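Look at the two complexes coming up: subunit A is in both, with subunit B in one and subunit C in the other.
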Partner chain A sequence: MLAYTFKRLIQGVITVWFIATATFFAMHAVPGDPLANERATTEAIRKNLEARYGLDRPVTEQYVLFLGNMMRGDFGISFTQENRRVNDIIRESFPVSATLGILAVAFAAFGGVVWGALTAIYRNRLPDLVITFLVILGISVPGFVVAALGQLALVDINAWLGFSLLPIAGWGSIRHMIVPSMVLGLGTMAYLTRLMRSSMLEITNSDFIRTARAKGLPPTRIFLKHQLRNAILPVITVLGPSIAAITTGGFVVELVFAIPGLGRSFVQSVQQLDYTVIMGTTVFYGAFLVFMVIVVDLLYGLIDPRVRLE
Partner chain B sequence: MSRAAVRQLVWLGLAGTGIFIALMVALSWAATITGGGTTAGRAFDLDTKSITIFLDDEPPQLDSRRTSDTISGMVLGHIMEGLLRYDARNQVVPGVAERWEIRPTGATFWLRNTARWSDGKPVTAHDFVFAWRTVVDPATASDYAFILYYVKNGEAINSSKMPPDQLGVRAISDSVLEVDFERPAAFFDKLVTFPTYFPIRQDFQASRGVRYAADAQDLLFNGPFVMTRWAHGANIRLEKNQEYWNRDAIRLNAIDIPYITSDTPTLVNLFKDGSLVWARLGPEQFEEAMKLRWNVARYGDGSIWYVDFNFRPERPTRNLNLRRALQLVTDPNEIVNRVIAIPGYKPLNSLFPAWLPGLNGLFRQEYPPPAITLSIDEARKHLEMAKKELGVDQIPPLVLLSDDTILANKEAEYFQSLYKRTLNLDIRIDKQIFKQRIAKHNAGDFDMVLAGWGPDYADPLTFGDLYASFNGNNRSLYNNPAYDAQVRIAQNSTDQSARMDAFAEMQRIMIEDAVHLPTHERGRVFVQAPQLKGVVHRAIGTEPDFTDAYLVEAP
Partner chain C sequence: MTASAANPVAPVLDVKDLHVEFDTYGGIVKAVRGVSFDVHAGKTLAIVGESGCGKSVTVQSIMGLIPMPPGRITRGTAMLDGVDIVQQKIVNGRDIRGNRVGMIFQDPMSALNPTMRVGDQIAETLQVHRGYSKRQAFDRAVEVLTLANIPEADKRARQYPFAFSGGMLQRAMIAIAIACEPAVLIADEPTTALDVTIQAQILDLLKDLQRRNGMAIVLITHDLGVVARMADDVSVMYAGEIVETGSVDDVFYRAAHPYTLGLKAAMPSSTTPKDQGLRPIEGTPPDLFAPPDGCGYFARCPHAMRVCGPSHPPNVEVDPRHNALCWLHHPDAPRTVSELHRRVQA
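The block that comes next holds the complex of A and B.
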């Protein structure tokens, strides 16, 4: 187990290095001048700015410098917010994105398991049809539409109630978290519902369930211990990547609900060619994703006794 | 079987909800100890005299010496004060300086002895000298250093040819600031309202080092408000500055900014919900606002937008007849009404926007631009002449460089079809992100480009010198000695009527020579709670300006 963990971590480090290298060179290959602005500046200022960000050196040398700084966990100073360190930007805004992401995943996971199991139990009957219809809707309607509609609905609900049931946008209290996290988790929940449904159906028809029933186990026990526990495995598998995907992909929800997450920096940095922020956020998100995949693989061994980690 | 399972599922669902709520509680508790966000209040509060507003984006730079964007400018305009400031009618009024004198060779400012920093110490002439010297110091790498080139030796210092202490500004005493000009600057009173000219106290800046202006506690204020909280990207709070010399005139106690977003649907939803005291409208929200009979207002943000031509030798757009042909079929009215179709935008047919002040009133009313009579037939004649002069049978496809925004796309496509339809010219659209558009614009890699320019001060020269051959921002490389001569007059003369005549001449040359094709002035439409009064929306300076704002009972 320990050796396996170690091996996976080494692989992870190599993956992150690869992500960093690919992003670094892709970024420098993107046309455009990160220091260009509407107002022209003098040659002297230009030189000073280039020196400040190390742009006066050849790209390979910049790359070596970047790797060295990255090892020390330092991503430098932002190009657009000139007195802020990229590390500070990540440290301040990632917890917000993570909070939103964790809640969205919790919402998606529980919802997915419950709805999925329900549809499997009521297979081809009315509840199944209704839920399946909603699931298809949830998968096919893009996030920004759901976010906008959710917000609009909230405005009307608040107006109808005559007081603010839940805030329309912003961040800070529990009440701010509920709607955005549900909106963000909706697509994943729909996906997990489908996954759970098919996996439940497969297991319900398997031999060991029949055996369990034949030997007279109480239905509750069969359902919880044998059906649910086995059916949930595929859900766990996709959970890790979806935590990362949801946490890193909340940009639209963050925009619509004016949430101060990292998604904004991530997207804006690319549009503004903010080299240091691009590298910082990409490497950070990459490492996060890789880490989540490893965690899920390790969890697998705990949940499914058939899986041996070696 | 299935009933038992459903019961199990209900329990599981309940447990899930419980865990979800527990998670929220735990995470919000964790957020309060790390100090992430804060709960937003209502749109306004008559008792505490506070309002809630939004910002389009996180202010990128609150070091006044290096700031270059309007969002930072808006925040700085509330928490800092220069020698002079603009009032609600855009007239220059006393700020830190109580009186001033502008001569052809320099200026003197007498500072009021009641001006204080937020820590209670007086604002002195030395604070201005320090700030201005560091602005032009190339080590500061300020994008806006050029705005201090009117001060003697500013440009030389900024180009590393002289040390910063050679800058033509002296503190005669704590309360008298004397400035030597590099060249006459009749509008220097307007220049010193600009953030780059704001004071900074040396000892405070030194105590913060590179952290200066990075956080609320790393700033020292001398404006009507102080910043008491700055959670980056999330939340800003401004409170009345109790040390401000004119504190009795400031009627708001607090300005809360808990929403950092430019998403207009969100803003309007927040306004409807009573969480924002004002909101900007996009085209869709404008229609809704009209239906709801909201009181919609408009202001121009001061910027002008146009098609620039490339005057580099190998470019066909260097040919006057070709430019004339394009000019004769380009109708700013149609572009604003049919193509852009966003309320608040105005057609532009001059280098100078309609809001610019002239001699006594507005420049454009005193000096209307020569009219262009649109004519496709005339245009075709000019096109034929152009082909002859260029020695070609067909004009090669023209590259139209444009930003990758929805509006720029719409415009570019309109021009493409317009010039094909009327002149049978092929236009190749080159869509780029802003940084790359600027880079290509600088490099001259275009025939035509959709560009814009925002003003720095309320004098026509802020637009007029754009096409001077010696201006680094003249990316078209337009070079006309007659035009340059007029710019020199406007720069050097202290006779306002001679200057205005020079601007009128620039306006005429720009049209006569078809130097560019003006299209529109950008405008904004917004709604505001009727209880809030005294907010100033302006084309120049702090925008929006809540300095003189106050709340009244619902009318």
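The block that comes next holds the complex of A and C.
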């Protein structure tokens, strides 16, 4: 298990290096100039700024410098926000995104398992048909539409009630978090529901459930101890990709609900061609996702004894 | 205490006139059509018959394991300790399944929960049926694994099924089934998925356990060699019916039903001489969507008579405790049993 963890971590580091390198050269290939705004009015100022950010050196030298800084965990200074270090931007806004993401993943996983199990139990009866219809809706409607509709619904609900039940935008209290995290988790929840349903149905007909019944166990015990635990396994395998989907979905939801998260910083930095912030957040996101996939794999090992030894 | 203890000649499990159907897209499959059998404490009844004849459905419906719907028990009783478990299986299911009746299945590789320790899977039945604490139940599980001839049982009990071989898993399955010392053990082709040397070990284990605790065994098999080795009595099943029942000697040496004779000629066993080749039974079993009114074996039977097509054959007691479902044994039938033997074995 330890050797396996170590191997996965090494693989992860290589992946992150790859992401960093690809981002670096992609950034150098895009047209446009981070200093082509009002800040570089004269040739002298431009020279100054280029020197400050190291843009006057050859590309290979810049690359080595970038890798060196990155390994020390230093992503440099923002081009557009004077004197803001990229590290500070990540440090301030990532916890917001992480809170939103964790809530969304929890909502999606919990909802997916519960709805999936319910649809399997009520297979081909009314609750199953209704939930399945909603699931197809949830999978096919894009995240930005769900976000906008969610916000619109909130406006209507607040107007109808005559007071603000839940805030329609911003961040701070639990009440700010509820709707955005549900909106963010919805698509994933729909996907997990479908997965959980088919996994449950497969397991209902499996030999070991028949054994459990032949043992005379009460139905609730069969459901909880034998069926659920095995049915959840496929859901856990896709949790890694689900976290990725929710992370990228967060870019949109943070913009729509005006949440000061890392996703919003990232989108803004791309719009403004804020070279260092783009590099920093991309590498950070990459490392985060790679790490999460490893965590999910290890979690899977905890639940399924068969992968523990491999 | 139990009915069998009060009256030593009464069978522990007595199944009468069991009918089971399945709803399918193609219509209603009449999988089991009036099956009756009984088995006594300490004895083994083998149920033999070709694939699809309804052996598994018979025992699974007694255990309440057929999916309902589409399955349905339309008629019949199965008396255990004076209680009809076909009628009572919902109300009383917990006391019967896994407690008074244990069951093992064909494929041990998929019969255990892959995410639960083997010991816990045995302990579970003891917790449910005996009210043992977790610790007590686990300690007893280790004892039962030892009984099932699993070496280093205390270590094995803490492992997961994937760490076991096929033979070991079947031993673990047996341990689960006998944990509560059942009166009846139902074994549905327990050795079909295992290789030959392991098969023999598993059969020996079953015999050994039976001698130890006096349970009755209902053993489903394709293999007449297994029947000869294990069984006291045999029921031969064909197309959802039991066509012949008797002691092993009666059925093996004085077979009274043409299907039994065909089965013996078609199956390799220690009783078949090497030079006498195998003769498969021509044709296929009847359609269970619309089973024939008369004899189910009519279309394939080399001895068929005019009466066999339209009229259902009588169940004739050819010798004491040896029955056959065949017109040949009707007093008016032109051929005698000895004549039949001569014809088939010539």
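We take it that the second predicted complex is superposed on the first by the 303 of 310 C-alpha atoms of A that agree within 3 Å, B and C clash if a C-alpha of one lies under 4 Å from a C-alpha of the other, contacts with A are read in each partner's own complex, and residues count from 1 in each chain.
One rule holds in what follows: contacts are C-beta pairs under 8 Å (C-beta built on N, C-alpha and C of every residue); 3 or more make two chains touch, one makes a residue touch a chain.
All of these numbers come straight from a predicted model, not from anything done at the bench.
K.L.:
Evaluate whether subunit B and subunit C can sit on subunit A together after superposition, giving fit or clash.
P.N.:
fit
K.L.:
After the superposition on A, what does A:G111 contact: first (subunit B), second (subunit C), both or neither?
P.N.:
The first partner, subunit B, only.
K.L.:
Per the contact definition in the header, classify A:I303: touching subunit B only (first), subunit C only (second), both, or neither.
P.N.:
Touch partner of A:I303: subunit C, not subunit B.
K.L.:
Give the label of whichever partner, subunit B or subunit C, reaches more residues of subunit A.
P.N.:
Tallying touched residues of subunit A, the top partner is B.
K.L.:
Measure off the angle at the C-alpha centre of subunit A toward the C-alpha centres of subunit B and subunit C in the combined model, and quote it in steps of 10°.
P.N.:
Computed angle, apex subunit A: 160 degrees.
K.L.:
Just subunit B (first), just subunit C (second), both, or neither: which does A:L217 touch?
P.N.:
second
K.L.:
Applying the touch criterion given at the start, work out whether A:K7 contacts subunit B, subunit C, both or neither, answering first, second, both or neither.
P.N.:
neither
K.L.:
With the superposition applied, I'd like the minimum CA-CA separation between subunit B and subunit C in Å.
P.N.:
Between subunit B and subunit C, the shortest C-alpha distance works out to 10 Å.
K.L.:
Would you mind listing the overlap between the subunit B footprint and the subunit C footprint on subunit A?
P.N.:
Of subunit A, residues 218 contact subunit B in one complex and subunit C in the other.
K.L.:
Hey, which residues of subunit B end up touching subunit A in the complex?
P.N.:
Those residues of subunit B that touch subunit A are 1-2, 4-9, 12-13, 16-17, 19-20, 23-25, 27-28, 30-31, 34, 36-40, 54, 58, 60-61, 63, 66, 68, 138-139, 141-146, 155, 158-160, 210-214, 231-235, 258-261, 263, 265-266, 269-270, 272-275, 432-436, 438-439, 442, 453-454, 471-473, 475.
K.L.:
Hey, which residues of subunit A end up touching subunit C in the complex?
P.N.:
206-208, 210-218, 221, 225-226, 229-230, 233, 303-306
K.L.:
Touching residues of subunit C toward subunit A in the complex: what are they?
P.N.:
63-65, 93-99, 102-103, 105, 107, 110-116, 124-125, 128-129, 160, 162, 173, 176-177
K.L.:
Under the definition above, what is the set of subunit A residues touching subunit B in their complex?
P.N.:
Answer in residue numbers: 30-34, 36-45, 47-49, 52, 80-84, 88-89, 92-93, 95-96, 99, 102-103, 106-107, 109-111, 113-114, 117-118, 121-122, 148, 151-152, 154-155, 158-159, 164, 167-174, 176-178, 218-220, 222-224, 227-228, 255-258, 260, 264-265, 271-273.
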